[in-house]
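Input: one structure, supplied below.
Letters are used for the chains, namely A, B, C and D, taken in the order the chains are written, and counting of residues starts over at 1 for each.
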Amino acid sequence: MFKADRIRAMSDGMFAILITILVLDFKLPEYRVGHLLAAILQQWPILLAYVVSFAYIGTLWLFHHDFFSTISQITPALNIINLLVLFSITLINYATSLISATLSTLNVADLRTAIIIYDICALLISFTFELMYRYVYRHPELKEHQRNANEEAYFIKSDPIISVGIYFASIIISFFSVIIGGAFLLAGIIWHATAYVRLSNKVRRRA
Amino acid sequence: MFKADRIRAMSDGMFAILITILVLDFKLPEYRVGHLLAAILQQWPILLAYVVSFAYIGTLWLFHHDFFSTISQITPALNIINLLVLFSITLINYATSLISATLSTLNVADLRTAIIIYDICALLISFTFELMYRYVYRHPELKEHQRNANEEAYFIKSDPIISVGIYFASIIISFFSVIIGGAFLLAGIIWHATAYVRLSNKVRRRA
Amino acid sequence: MFKADRIRAMSDGMFAILITILVLDFKLPEYRVGHLLAAILQQWPILLAYVVSFAYIGTLWLFHHDFFSTISQITPALNIINLLVLFSITLINYATSLISATLSTLNVADLRTAIIIYDICALLISFTFELMYRYVYRHPELKEHQRNANEEAYFIKSDPIISVGIYFASIIISFFSVIIGGAFLLAGIIWHATAYVRLSNKVRRRA
Amino acid sequence: MFKADRIRAMSDGMFAILITILVLDFKLPEYRVGHLLAAILQQWPILLAYVVSFAYIGTLWLFHHDFFSTISQITPALNIINLLVLFSITLINYATSLISATLSTLNVADLRTAIIIYDICALLISFTFELMYRYVYRHPELKEHQRNANEEAYFIKSDPIISVGIYFASIIISFFSVIIGGAFLLAGIIWHATAYVRLSNKVRRRA
């Protein structure tokens, strides 16, 4: 067992890079001289996809931050699971570029592909987070002492299972309507963000 | 409430990446063999935009650094506001590429677009910083104990409101003259940097 | 001699960046509108190479993490050796792009080139890690006191020598069969990952 | 005055990114299928420029690391000087790409341009380091108490002035011979690295 400091530093470093490289796809558009504004206005899909993915990775970082601040010891197994979590989050960069490209052309088949791939990445992320939560739940010796039993169940009960449902529904619905499928994907991400606010309020009231 | 260490680490990581990826736009120019020097000399707009944006993000980092060194505890809300601050700073990368591209062609309409978008990003940054200052001002329990009441007002009173005025003026003026509008934008950034020096001298004299 | 904190921070920063920039090669494919899915499916070599290299760098980070958590003091020489380790790992990014490009075209001569270059990078990594292990083994004063003699031999005895053998065999075999040569390369990386799990179990049982 | 921890973290983050993004220019070459090896062998200028610049930035990091480990307090002015140091190091990325491009075509005029620009960046780096050393020399209150007067002069006396001479000579000589000018540039960088080893040996002998 090792102290948790360095796994936090490594994770924060990766989160900082992952959330920042998203902006690298938000580039100077090709434009005819004198018509820059028109070219920029056509970039709304890139800005939209960027804002959503930034909010998504930001929310994941907040959950990760709060979760690891309850942990004082780590094991090699937790280190490996954490790498799986981070790996799955790296894929959002690729999925984001698919969304912004297909929102530009608005081809239904391509949009469906992009939404489903984003959903699969989101499912993978929720799955690996769930894995991490369950592992720590089964290893209470990794926790800081001052935490109580209620808080140990804090993360487990909440987020991942419901979001898995939403993302799964988004995949199925996308075969019938990309608009409703896309709305479910967006709802899943907003649900994550509000879940964070809701849970952190609950923790504050208890304290 | 959590200790402020990790929010500092995450923020520093993002600042380090944001300020460093600016240089990625400062690339080998396309050139005819034997005429590299001429091609490099034509890159002055990229160098100029790079220097200004590096100074700007550097100044923002200095303010952020000094501000967070007065804080010992963080809340989820402060974490979220800090993410908004960092999000708004990520947009400078895009705005910088617009400025350097339009300085190369010197088309007035395009320059106006680029200056106004840079101004909007700067306004957003000042607004989110102001939000962060006000939040901490209303939550003095997050501060370290040794700080006094004067210092609590330190950040609030100063920077953001005046800079919002300068950037707003720059937008309006750009519709009449891109040169004066651009000068106001530059003045706003220089004002930030000198405000940092001025404020840190004030703090030193008091100590 | 200096405290080991900052060498850990620098190394973690570089590992975080190295493992994250791998994903930058996993980009939006060029595709005909309406045929995005087909274009994505043809990207399997990029995904495969990405997963393998992510697992490889991740494993190297785990070894590095565990190794440095036994060290409390560093010397300039260790700092230099550590930079050599990190330099050799940066080359994986290039080797990965060779593998994914040649897996797309499946030309035997090109595949052989890509596999051998990846092997050479992996040999260099194992060699520099070995150098680092041996240096610290000869300087037990750098270690934390609570570690025992058994653990001092922990890293030395195990990983690098066997992996050097596997990667060397992969180079030789590639001249006769790129499929078996590639399989050896993959086996070397998987061997690293399992070596980490095996060794960390051994340490746990002893504790 | 603030604790020096966060300036170290920010600097390490930027060094880690600066040294790692160098590898982004070391990319998959364009090649005819079946002729990858030939295309790779023609990339030797990129590899050479990469190795030299990695060694250079690595050496700068080692100096920076050792220097800041003698400092326990920072002022806003030191923060600003440190940003100037880091700014000047970011330019190496651009200068490196000029060197590798001109080594590929071997045009004398272009090589001269590339060498002189690399020299100017190196001069700027040595100058800003010197600025930082002198500032801390004049502010001994920023130092940790256990250091003695000899060590306070440790950095000042040594590195920057001689290297400024070498880089300046390289610029002048480049107008007559790019080969000798380039050799001086390389000598300057090797001199830095050996200066680090020499000085750290001196410190060790004294301790």
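What we mean here is this: a residue touches a chain if its C-beta (ideal position, glycine included) is under 8 Å from a C-beta of that chain, and two chains touch if they have at least 3 such contacts.
Everything numeric here is computed off the predicted structure, so don't read it as measured data.
Engineer: Which angle of rotation, from 0 to 180°, maps the CA atoms of chain C onto the equivalent atoms of chain D, to the nearest 5?
Structural biologist: For the C-alpha superposition of chain C onto chain D, the angle is 90 degrees.
Engineer: Specify, for the interface formed by the sequence copies chain A and chain B, whether it is same or different in terms of residue numbers shared by both sides, with half as the dividing line.
Structural biologist: Shared-number fraction below one half, so different.
Engineer: Based on the averaged CA atom positions, which chain is farthest from chain B?
Structural biologist: C
Engineer: Return the distance between the CA-based centres of chain A and chain B, expressed in whole Å.
Structural biologist: 27
Engineer: When the centre of a chain is set as the mean of its C-alpha atoms, what distance in Å lies between chain A and chain D?
Structural biologist: Centre separation, chain A to chain D: 38 Å.
Engineer: Where in chain D do residues touch two or more of the other chains?
Structural biologist: In chain D, 9, 13, 16-17, 21, 24 touch at least two other chains.
Engineer: Can you list the residues on chain D that touch chain C in the complex?
Structural biologist: Interface residues on chain D, with respect to chain C: 8-9, 12-13, 15-17, 19-24, 26-28, 31, 33-37, 40, 51, 54, 58, 61-62, 65-66, 69, 196-197, 200, 204, 207.
Engineer: Mind pulling up the chain C residues that touch chain D in the complex?
Structural biologist: 1-3, 6-7, 9-10, 13-14, 16-18, 21, 24, 75-76, 79-80, 83, 86-87, 90-91, 93-94, 97-98, 101-102, 105, 107, 109-110, 113-114, 117
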